[in-house]
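Have a look at this one before I ask anything.
In this document, chain identifiers A, B, C and D correspond to the written order of the chains, with residue numbering beginning at 1 in each.
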Amino acid sequence: MVKVGIVGGTGYTGVELLRLLARHPQASLQTITSRAEAGIPVSTLFPNLRGSVDLAFADPKDAPLAQCDVVFFATPNGVCMHQARELLASGVRVVDLAADFRIKDIAAWETWYGMKHACPELVAEAVYGLPEVNRDAIRTSRLIANPGCYPTAVQLGFLPLLQSAVVDTDSLIADAKSGVSGAGRKAEVHTLFSEASDNFKAYGVAGHRHLPEISQGLSAMAGKDLALTFVPHLTPMIRGIHATLYARLNKAVDLQSLYEQCYASEPFVDVQPAGSHPDTRSVRGANTCRIAVHQPQGRDVVVVLSVIDNLVKGAAGQAVQNMNIMFDLPEATGLESLALLP
Amino acid sequence: MVKVGIVGGTGYTGVELLRLLARHPQASLQTITSRAEAGIPVSTLFPNLRGSVDLAFADPKDAPLAQCDVVFFATPNGVCMHQARELLASGVRVVDLAADFRIKDIAAWETWYGMKHACPELVAEAVYGLPEVNRDAIRTSRLIANPGCYPTAVQLGFLPLLQSAVVDTDSLIADAKSGVSGAGRKAEVHTLFSEASDNFKAYGVAGHRHLPEISQGLSAMAGKDLALTFVPHLTPMIRGIHATLYARLNKAVDLQSLYEQCYASEPFVDVQPAGSHPDTRSVRGANTCRIAVHQPQGRDVVVVLSVIDNLVKGAAGQAVQNMNIMFDLPEATGLESLALLP
Amino acid sequence: MVKVGIVGGTGYTGVELLRLLARHPQASLQTITSRAEAGIPVSTLFPNLRGSVDLAFADPKDAPLAQCDVVFFATPNGVCMHQARELLASGVRVVDLAADFRIKDIAAWETWYGMKHACPELVAEAVYGLPEVNRDAIRTSRLIANPGCYPTAVQLGFLPLLQSAVVDTDSLIADAKSGVSGAGRKAEVHTLFSEASDNFKAYGVAGHRHLPEISQGLSAMAGKDLALTFVPHLTPMIRGIHATLYARLNKAVDLQSLYEQCYASEPFVDVQPAGSHPDTRSVRGANTCRIAVHQPQGRDVVVVLSVIDNLVKGAAGQAVQNMNIMFDLPEATGLESLALLP
Amino acid sequence: MVKVGIVGGTGYTGVELLRLLARHPQASLQTITSRAEAGIPVSTLFPNLRGSVDLAFADPKDAPLAQCDVVFFATPNGVCMHQARELLASGVRVVDLAADFRIKDIAAWETWYGMKHACPELVAEAVYGLPEVNRDAIRTSRLIANPGCYPTAVQLGFLPLLQSAVVDTDSLIADAKSGVSGAGRKAEVHTLFSEASDNFKAYGVAGHRHLPEISQGLSAMAGKDLALTFVPHLTPMIRGIHATLYARLNKAVDLQSLYEQCYASEPFVDVQPAGSHPDTRSVRGANTCRIAVHQPQGRDVVVVLSVIDNLVKGAAGQAVQNMNIMFDLPEATGLESLALLP
């Protein structure tokens, strides 16, 4: 049994980790911390866990994190970087679901996230936890930077095109739509039901924090710098990301075969039949990314549709997938539940 | 392994049965029939099943139903009664998720459902599959009438009050709210997104088919006839039933204790702490009924709040629970998944 | 032209007042105040007003409220009572959309609202602004307590029954469902989209602030004390209240005629045809209350369905209706827009 | 007063026409036809109209369409082309809200719409009713092809760029998101609440009927053929279109000024301040198109955000705007209502 701790479990990635880990046959949940909610049973905040998770939130200073095999940080950006060094020194492996270790360029990170990095030396060591790209490195890593939700959907969508170098890299477009849970469980006006329901809007067109993360990943796939236009949109649904990707083909290629071969052995990427339009509900609550690829009217523009559940494959599910890889468990352990539809 | 067949799997109770049975460790799905969709892979209609359920819909005339241990009917009302006799004769046990065997009074059934009953002799034999009331009878039954969604939420909410005879039985009120999936997957105008979203309405106030089913069950609990006013409402959510129940107390009683004791050993009924307001999402995708009991301002009116997922505890989950009981499996087998929240 | 001021226009009742008054042919909007947003154009917060309302929020201390004919308070509870005395002394008429002047029993008000009343002497003078009950008093009043949203729907639904004394008054039940905008535009977790969407729950069963307001109104109609059980529910829609009301008939009466006659001359109450189920969207954005009355199975329980838009007939629209009455304008002036459907 | 008839008023564009025309001070609604609903009061289908529209649906063969000044066709594609010739001959002006007269290339129309055109000679005469492009021609036209919803949002978004020839025309992208009402009021499974709610998907990537309409309009603006990739998406909201447009700049230009100047005198196009992200609810129920223009990171890609209400500026509102122009009424007559927010 893998002994697991969670730091900061009061947000949506925290409750999602709990939902998955409570039924994970090889994980033993030791502690979950929250300064603000210390002493409160987890099931008071998240009634879906009543009867299944008996823990109360622990004060961070009392929590036996150092006795865990792995600790997940389901915290805001900038928390994990202050605690990772000490945990790693205790032999605990760390998975950060926030952004502290995602960007290799420290100066870029500090600009986009508006704070000084507390342990830049660990950034180099951290492995970006996208199994479809970095599975081997994840296996032996002690520090995982779990990818963001948009970056997961966009990178998995572009990967076959960039690896095979069949598209121009100076005009990539990612038009991405996210459910509102992507904004977290903070009380804010713009994510109130009465603001976000029955409404649709773009945001952050001038620049979103996931842009440098995506660009870094795509550049690594392409082996060169590239230019990406990334436009996120807030969509009136709870969960789900739908990335609609556009690129210009520079050679003839059988796109369907390219995608099917690229992901043939991946347990959590499902290439849809030709002509498909995956919907976000087909992955609701599941760790799957479903992808379809189109070439409208046979012209030189490729359109990729990539959907995930932002809280699962885009956060907690991928974190558990990474844990499974790190501890040599079958990769799908605890992640077998099917999407809830309708 | 229990060999399972499903008749009529193209609706929401059908896909929900598939979602649950595909991950049930003791069930082996043999066949699923649909005349209209014969030959089509199940996952074409329900993409959440892609990669997990490889069956195609079978033509009813070709399906090996007689070789199954149990057959679920996820069909419209009036189908199972035409096929149950033959299947039972073959030694197959039958669970009807529709209403054919729910009402013991054949004449009443024929009035409310507008058709002649095809096998009234089996109605007497059929066991009403509410485990909290009829567990022992379910165990040995070969024909289960799986309860309706409203009836499940309302009966579980009233049960402790009626068993203990602490309320007037001539003025019971059930104000029930259902998600739109309760209306099924038929193409109809009033359940279109643009009609049902951002909207709320009552329906069937003059009389709803679930009224005689509920009244029959409540009367059995009370040991006498009673008068129930039942008002269903269409609520802009996909899944979930919230029954708000009102009754007049005729003696002093510790309501919280009454409910906790009644359901102390039930695996799928969760009595909430005093003062609680269970929300429907706390059971989304789960087989749990959560109940809270209130006595506002200490007056003689008891208010019960009872929530279920209409497709799980109100349909497919309860059917699997019944199967588990019928085949001496641990009652929660295959029903352990936690509710999806948010 | 009636010169109008608004105090505290950053919430949903504020923007709704602006939407209505911007197109009111006899109202001239002079100023709208907000301490927090002073200097910010109204249309920055509420982009639907761009091009139609050019005002910026004014600092309360600079706003020419004393030069207005009428001032609306679209503020939290407890604000108007501190400013009403001075404005009235300046000859300005006041409409409070909050609760400061709704409850005649000062001690009860202070208990339910948790604060000391700042000007109890005005409570007696204030007229409760439900035109269907108090039209004549409204006409000459200088201080209007605009009714709450639940109280409007519930009182209009019960009025014909209580005025005609055809129901028991010791067992009234109001099961009410509100859209999320009823909770206002405050940033709170429980009204986030990801919490309130695809979900349904009761709240405040032990006691809600609208209970004493409703009871006061119903008692006045009945001419005696009465017992009401009031259970509000949070519904996943933006606007709308649906009150489902239950009462026990104590004499035979033609309910349909009773309702039609009671409201025959009311411009904003629409009694639906017998057998109807009004939906909330039929009044979305409109100042109408639509009511249907049922007697299920001909028994002695009457069920009333009453729907309003909580922000219009339940707040801003009713406030404008009151203004029209106060200034001898045709009562529907500026309130003619039809409900938005779908 | 303009005497108005409506053919086929049982869909969403029909009810929206009725909502607008019922309050239009210069329009007099003479008749509305529906074969299926003949004799049924309009308000039975659309309860928001109760008390305001007293008409019943007329049988088409009895309706006094020839006595009208203008007849709107709110019918499926392929209806107007069979009746337009006769009405025009009677001196009635015709506005078709369907697609019969939108595409000048008859062969292309027949391919995309899958039927033979019944009166190709009128296609040449018909004026495409986008006032911002064709106002003068609309004024004197007797046959208006009212634009589709996607085409309105996309064309208004691209117009300034194409008129000024500042972008490449071989790589235009329109990623468009529509509320579900865009699919109409037909009973279909994929637009059921339980299918379309809490879900997001692309559709018609291989080719959508609005593509040739948009391409035709954009080509006319650019003065040459161009290549457009158009991907529509189904969004879980009732009303609203959000078009996110991408183009590659081929010269330096002050985009904000370009847009502001282009639309300076347009009553129904609102260019947002620089850096804005218009949301669809800011035009809910209103005839406005709100547009923002961005140049992310100062690179050579321009991103345009264009929002409309698909039923108003995308259908019925634009039809009324066209009527106002045709009959020399002030262009905003009957279209002054502000968007409903929240």
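To be clear about the criterion, a residue touches a chain if its C-beta (ideal position, glycine included) is under 8 Å from a C-beta of that chain, and two chains touch if they have at least 3 such contacts.
Quantities reported herein were computed from a predicted structural model and do not represent experimental measurements.
Farthest chain from chain B, judged by C-alpha centroids: D.
More C-beta pairs in contact connect the chains of B-C than those of the other pair, out of A-B and B-C. The centroid of the Cα atoms in chain A and the matching centroid in chain C are 45 Å apart.
We define each chain's centre as the mean of its Cα atoms; on that basis chain A and chain B are separated by 36 Å.
Separation between the centroids of chain B and chain C, computed from CA atoms only, is 39 Å. Multi-chain contact residues of chain C (touching two or more other chains): 12, 179, 181, 185, 194-195, 197-198, 236-239, 278-279, 281, 284, 342.
Interface of chain C with chain D (complex): residues 12, 15, 19, 22-23, 46-52, 181, 185, 197-198, 238-239, 270, 272, 278-279, 281-286, 288, 290, 311, 336-342. Chain B makes touch with chain C in their complex at residues 171, 173, 175, 177, 179, 194-195, 197-203, 205-207, 227, 229-231, 233, 235-240, 242, 244, 246, 248, 275, 277-281, 284, 294, 296-297, 299, 301, 303, 305, 307, 342.
Against chain C, the residues of chain A that register as touching in their complex are 12, 179-181, 183, 185, 187-189, 191-198, 236-238.
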